[in-house]
Amino acid sequence: MTLAPMTFASMTFALALEIVLAAVVLTGAVWAIAARGTLPAVAGFVAYGLLLSLVWVRLGAPDVALTEAAIGSGLTGALLVGAAARLRLSEVPMAVERPGVILRVLAAVLSVTVAAALAASVLLLPDPAPTLAPAAAENAAATSLGNPVTNVLMAFRAMDTLLEKIVLLLALIGVWSLAPDRFWGGRPGPRHHADPYGVLAFVARVLPPVGIIVGIYILWTSADNPGGAFQGGTILAAMWLLVMMAGLADAPPVSERRLRLLLLVGPVVFLIVGLGGLAFGDAFLAYPMAYAKALILVIEFAMILTIAVTLGLLIAGPPERELGS
Amino acid sequence: MSFVLDIVTITAVSAGAFFFLAGTVGLLRFPDTLTRLHALTKADNLGLGLMVLGLLPHAGSLRDGIKLICVWLIVLLAGATVSQLIGYVARREGSRP
Amino acid sequence: MNAATVFGLCAAVAVGLGLYGVITNPQPLRKILAFNLIGSGVFTFFGVVARRGAAAGFGGDPIPQALVITGIVVAFSATALALALLLRLFQASGSATLRADAPPSAGSDPTTP
Amino acid sequence: MTEFLTAALGFILAILAVGLVRILRGPGDADRMMAAQLIGTSGIAALLLLGTVSGVPAAVDVAMTLALLAAFTSIAFVKKGTARFETDAPGSTEAE
């Protein structure tokens, strides 16, 4: 190999890039903690999430990068911005409650200790690293899906994914249950208004069709490439919320039958397929080999609807208007 | 052929980086909000556009190439509307005492 | 020193920063934000472990990667619920503080007639 | 070629860091949004470059997702949970 010095140079080059990326990521993190105002802190957190998705690409995990970009940065950012704006009134008296010097020093000592312990464990990770990748590759033929992460999520550890959907639904029930009694069953959030010929209405008419195509593409491609129902569903949810924010459509009352059905279709299809595995196959959530890919796709299409609706409603918040208003 | 494509990449990515630099300098140095906005849109539209152009020869397949162009189109559309919103916000802030 | 180590150290610092923010920042919203920072640091840690386990032609071990995807979603639901609770507290009491001896709010609950 | 693209990526990351500093300075919402816009666009450019450098073609999908959600987050920031978006002086929108 005559190229050896060259590859060494490009390796150090790549390392320099990684160090720069890590430094910029940490700038965002420092700022999300240290900024005085709440909104700048939230902006720092969103930038941090965006940069973290670069880190995930660099770590060879584009599936996670997609999730981080969609949920960790985008939707969490929108959620925090909304909450920060509503809490703005309460910011002034907060300044008084800053903890004393002793507590801050103790907190700093504790944080540095924890960070140092974690850093030491990074440096002392076993070599060669334990891995399940060969096992995942060996069994990939069972589902005939090309994306190993989809394989793990939908087949090898499908129970985790099913329970995760149920956690989402439980969170939504929790959010709804915070509504005052008289608003129960009503519509979440305020009714948004905007100039129907203004720029907001324009973008809410033009962007969602594009977003829906991208969202479904991300789901469809997840069989063989990075993607999935979750990442696609997040984009759909964002587009739905955009239409609501532009005042083009109102949020549905949370007691609406159609809405409840959409919320249930994903987990129910998942459960039916799982119980089918129990009845006709070996175990709960065991897919028959011949139909594995088809069944997984059916589950994913049902789930993208549920995920989009659940995420949209989680961000819209508890009902704030009386039923029939 | 690959030599020509490499030159396209180097030229276009350098030009894109230049527009990013110009937009950032404008964002830092220009005196008021609307001129800063003007500088910013250069980085958005031209900077990213040229970067995409430069990366097209490296796209692995036709599908990847089309997706690259789609990214630019989405950013153009979103950037144009968000810039208008920023303009409204700037006017609202400006009219405040 | 490679990518996994660099980002592993980065994750360790992010967890430390988040922990400091959770303890010292008095605003509940900022505590929630800092908690998310801890979470993302832990997730990056998983990513580092996955990257080190790259084998069989994959860019990383797919099992930790899939676990992280599930984790991000669960963290999001928890954040949404926490923020909804915080907003409700603000609506009900007129202030968003965690102090037990907070002064009684001037405004009454705007949501009950 | 990889070296050149890596250098370009480092440059774009530096621009992104400048955008981060700009957000902190503010002072108004408009300037913050502009800095956020710069961070979003340079983040997308960085993702595309990184995908090419690291040989991860799916980075383009991540970039598309980011582009869509950046627009959404910016609009959420402008609306800030309020029901109305005043594009003009009060009353003039109804007159149009």
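Going in written order, the chains are labelled A, B, C and D, and every chain counts its residues from 1.
Everything below uses one rule, namely that a residue touches a chain if its C-beta (ideal position, glycine included) is under 8 Å from a C-beta of that chain, and two chains touch if they have at least 3 such contacts.
Bear in mind the structure is a predicted one, so any value in this text is a computation, not a measurement.
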For this session: Would you mind checking which pair of chains has the most C-beta pairs in contact?
Result: A-C
Exercise. Hey, how far is the Cα centre of chain B from the one of chain C, in Å?
Worked result: 32
Seminar exercise, completed: Separation of the C-alpha centres, chain A versus chain B, in whole Å, is 27
Seminar exercise, completed: Distance in whole angstrom between the CA centres of chain C and chain D is 22
Seminar exercise, completed: Distance between the CA centroids of chain A and chain C (whole Å) is 12
Exercise. At which residue positions does chain B touch at least two other chains?
Worked result: 70, 74, 77-78, 81, 85, 88
Exercise. What residues in chain A touch two or more of the other chains?
Worked result: 14, 58, 60, 62-63, 75, 83, 86, 199-200, 203, 207, 210, 214
For this session: Can you tell me which residues of chain D touch two or more of the remaining chains?
Result: 19, 29, 35, 56, 61, 64, 68, 70-71, 75, 78, 87
For this session: So, with touch as defined above, which chain pairs make the list?
Result: A-B, A-C, A-D, B-D
Exercise. Which part of chain A faces chain B closely enough to touch in the complex?
Worked result: 199-200, 202-203, 206-207, 210, 214
Seminar exercise, completed: In their shared complex, chain B is touched by residues of chain D numbered 1, 4-5, 8, 11-12, 15, 18-19, 22, 28-31, 33-35, 37-38, 41-42, 44-45, 48-49, 52, 57, 60-61, 63-64, 67-68, 70-71, 74-75, 78, 86-87
Exercise. Where on chain C does chain A make contact in their complex?
Worked result: 1-21, 23-27, 29-30, 32-34, 36-37, 40-41, 43-45, 47-63, 65-70, 72-81, 83-88, 90, 94-97, 99, 111-113
Seminar exercise, completed: chain A residues touching chain C in their complex are 14-15, 18-19, 22, 25-26, 29-30, 32-33, 38, 41-42, 45, 48-49, 52, 55-56, 58-64, 67-68, 71-72, 75-76, 79-80, 83-84, 86-87, 90-91, 93-94, 97-99, 103-104, 107-108, 110-112, 114-116, 118-119, 122-123, 125, 129-134, 136-138, 148-149, 151-153, 156-157, 160-161, 164, 167-168, 170-172, 174-175, 178, 180, 182-183, 228, 230, 311, 314-315, 317-318
Problem set entry | chain B residues within the chain D interface of the complex | 6, 9-10, 13-14, 16-17, 20-21, 23-24, 27-28, 33, 36-37, 40, 43-44, 47-48, 51-52, 55, 58-61, 64, 67-68, 70-71, 74-75, 77-79, 81-83, 85-90, 92-93
